[in-house]
Amino acid sequence: MTTARDGSPRRRHTGNLSSDRLGALARAALAVAGPDAVLWAPRQAAQRWAWEPITSPDDLDPRTWRRMVNTRISPKGILLPQTQEVFSWQGRTPKIALDVPPPPQPAVILGLRPCDAVAFDRLDEALLVGEWPDVAYARARSRAVLVTFACESMSPECMCEAAGLSPTTPSGDLLVLPAGESLLLEALTAKGEAVLAELEGREPMPEAGSLVDARREELAGAAGHHAPGLAAGQDWTRLPPADPETVLAMFGMPGWEELARPCLSCGLCAFVCPTCHCFALTDEPRGDTGRRVRTWDSCGLTDFMRAAGGHDPRPAKAQRMRQRFLHKLVYHRAAHGSLMCTGCGRCAAGCPAGLHIATAAKMLLAAAEQVAQDALSGCAAPGRPQEDPQ
Amino acid sequence: MAITSGGAGTKSAFQPRIVAFCCNWCSYAGADLAGTTRMSYPATVRIIRVPCSGRIHPRYVLRALERGADGVLIAGCHPGDCHYSTGNYYTRRRLLLAQRLLTHLGFDQGRLWIRWISGSEGAKFADTIRDMSASLQVLGPNRKGRDQRA
Amino acid sequence: MPDAGQPVGYPAEVLRDLQQLVRDCARSLLEQGEVGMVIGHRAAAPYGRGVPAFVTEPGEAGQLMVGPQCQVGIGKYLLDQTRATRGRVAVIGRGCDILAARRLIADNRVAPDQVLLLWVPCAGRAVPEAMAKGGAVARHCLQCDVRLPEPGQDGIEIIGAHLAGALASASLVGEGCLEATAPRIAPAGPGADNAGDAGYERWSGWFEHCLRCYACRATCPACNCDICVLESRSPQWVERSTALPQQFMFHFIRAMDVAGRCVNCGECERACPAGIPLMDLQQLVAADITELFGVERPHVPGEHEPLGIFDARDPDPERPARTSGGGALS
């Protein structure tokens, strides 16, 4: 018995598949997702890995694939597209007809890293909770099948450990642990179990519980075998999100100006990130018809907060950078309980100016530590609020 | 799906849509003259009057193609005769480069025409539109960079 | 793990001497109050890659570094740092950085008396993907013609002139290093890869992956407007959607606005997360400018930018084209 990801007890469902049967695994996932499902997997072009729709599952070559650490751009766009039509209209007031786009084809996302699979959980926290769930994302998410591949190698940009995760964190619907010539599988949800059941109907697949456990331990140990990145030794879960004094101290840190100096205020970090989800709404009129679209936006861009009339509460890039990092590491956790950054490292790898979230995290951890020490030694910081700010 | 430019549209079915940017002082007057002297040229041209051909940024060309034009004409005064002295010299450099850039991006050659038409050259205006229309009929409707809803 | 400090194409002692010269120069400038800030590079994790350094205290000058790991172009920082700094701002940079700074000056975005430019010789930037394996010089750098400082330029001092010779003869791709990065499609002339339906397919394929993240614009020294046409809402020339016509519009407008002003630094392409070969487009335009208007080195900011002037004898669309290629005449 084991515990499912939703906390309920489950019988453990595992399998041992030969790695040259990757195509069969893809087909099984497609069968579970539905007849019109699309398979997405990382594909390499000119030394870059990117998520592409795969028309033929047998094209997947596990050997080239396992050389990949991760894609340069996150898979978020598969379920939360860069450009999404919200509705379209026809005619003019008062005889105006609205229409909504058809639901997307279900997606099988094969080859997710745990950082990316967990990122979808974070997106669920942001977009599916509360009175107004994001309808389009909900539809795409509910129909998706996520097959997560544990990491056998990491890069110095990888920071999942600082984010409280690991290369083998159970995430997605089905977890795959590559092991030599085998793929060790474990179902984590009902969908995952359905995939295994599909596979079992076609492939020899002995149970593999103890092999999974052993491989997981092996891979956890291998995680240390990469050049240490900036986040080495950091533990972002030590940032206390809900303590007002600490948050104020982090907000008021003098180091933001210096940190943000190299920033060029582009949107790359937010766009490659697997959890960023801010958007802009614009209308595209075409005579008597038109549509409203939602597109990705970034809090780093200069006009992100600019309001009608020209007022902008964050005109300086230091303010925008502060917002970005505090949201990722503090504010979201205060609202939903988990870090909004899963440590995939794409922002740090991709930033044209060489900025790194771990630099900010280091400063935040130091500020938090200072507040904690001050509290222990009994010295109050000047202006310390006596009660929770409302 | 490959976007192709080839294939002659059937003459009756396809009437190429042309957007013509005409400078107020020369080519627009020339177009006017073509009209008042009853010269005939295809009616599927939309004229946009600008003070000078130098006012044209190449993005207008691409925008026209995006929104359904099959061809774009930039018509200005003859070099040396610009009402603002030098405007069309800038036009010449800029639009020649724009033609090249469109070609580099794979757009069909023959979608962007640049002509110098004076206020007395009504015939040249009419001829240009006729020639453009005939040439575009062979080229076919523009699909590159085209907004599907336009 | 190979030693990330192993220089590519730089003899180790040359690198060391050059670096010391740079640090001494920066320290001296700050100590004497000649400048309020020195912009250069400093080492950062991982791989000790060179990221922008903004040195305001003489004691900090020791962090400055030179070498192939210096990825980021730093010239553009003059735009906001001159506004934020009392006193002049110095840039200690390579040819591409100096040209970027000159672009800002030529565009009247920074005043010449606000800046001090110091040019160091360069043997190329390393390719990030290859840095872990010993490094290889970016293909773009192999084509560079401003690796070695050119004397006699107003307002530009040269650091390490005596080392330029040693660098000039250094091979750009060190022994045992990887070949210069993955093959890019070489800038094609008219009628080749880029033209016609095949060319449109090719660019469509690239632009389909464009995220509209603005990284290209953000890193480009020629893109220095306070208000950018690409973000204009009224009128809205480019919609936010990533529909293919909008992608073409975005890149067409940017290419036209940068035409004749591109300094060939390659930052746009380096920054692009989707790997779009943006420099292909820019280099084609630069080649056109040379061919059509006789501008020998369009990437070097001159007194006037090519599209800001004209010649009465410029090629004319109504006269037959001088060359057989290109679409000079529709």
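Going by the order they are written in, the chains are A, B and C; count residues from 1 in each one.
Basically, a residue touches a chain if its C-beta (ideal position, glycine included) is under 8 Å from a C-beta of that chain, and two chains touch if they have at least 3 such contacts.
This is a predicted model, so every value here is computed, not measured.
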{"item": "Contact graph of the chains (line, ring, star, complete, other)", "value": "complete"}
{"item": "Chain nearest the overall Cα centroid", "value": "C"}
{"item": "Where subunit A and subunit B are represented by their mean Cα positions, the distance between them in whole Å", "value": "48"}
{"item": "Cα-centroid distance, subunit B relative to subunit C, in whole angstrom", "value": "35"}
{"item": "Averaged-CA centre spacing for the pair subunit C and subunit A, given as whole angstrom", "value": "32"}
{"item": "Residues of subunit B engaged with two or more neighbouring chains", "value": "147"}
{"item": "Residues within subunit C bordering two or more other chains", "value": "243"}
{"item": "For subunit A, residues that touch 2 or more chains besides their own", "value": "284"}
{"item": "Residues on subunit A engaged by subunit B in the complex (per definition of touch)", "value": "284, 286, 289-291"}
{"item": "Residue numbers on subunit C that touch subunit A, as the complex places them", "value": "1, 44-47, 49-52, 54, 71-72, 76-77, 81, 129, 132, 181-184, 209, 211-215, 217-219, 231, 236, 239-243, 267, 270-271, 273-275"}
{"item": "Subunit C-touching residues of subunit B, taken from the complex the two chains share", "value": "2-5, 57-59, 62-63, 66, 79-80, 86, 89-90, 92-116, 135, 144-147"}
{"item": "In the complex with subunit A, residue positions of subunit B that touch it", "value": "147, 149-150"}
{"item": "For the subunit A and subunit C complex, residues of the former touching the latter", "value": "45-48, 50, 72-73, 82-83, 155-157, 227-230, 258, 261-262, 264-268, 271-272, 280, 282, 284, 293, 295-296, 298, 301, 303, 350, 352-356"}
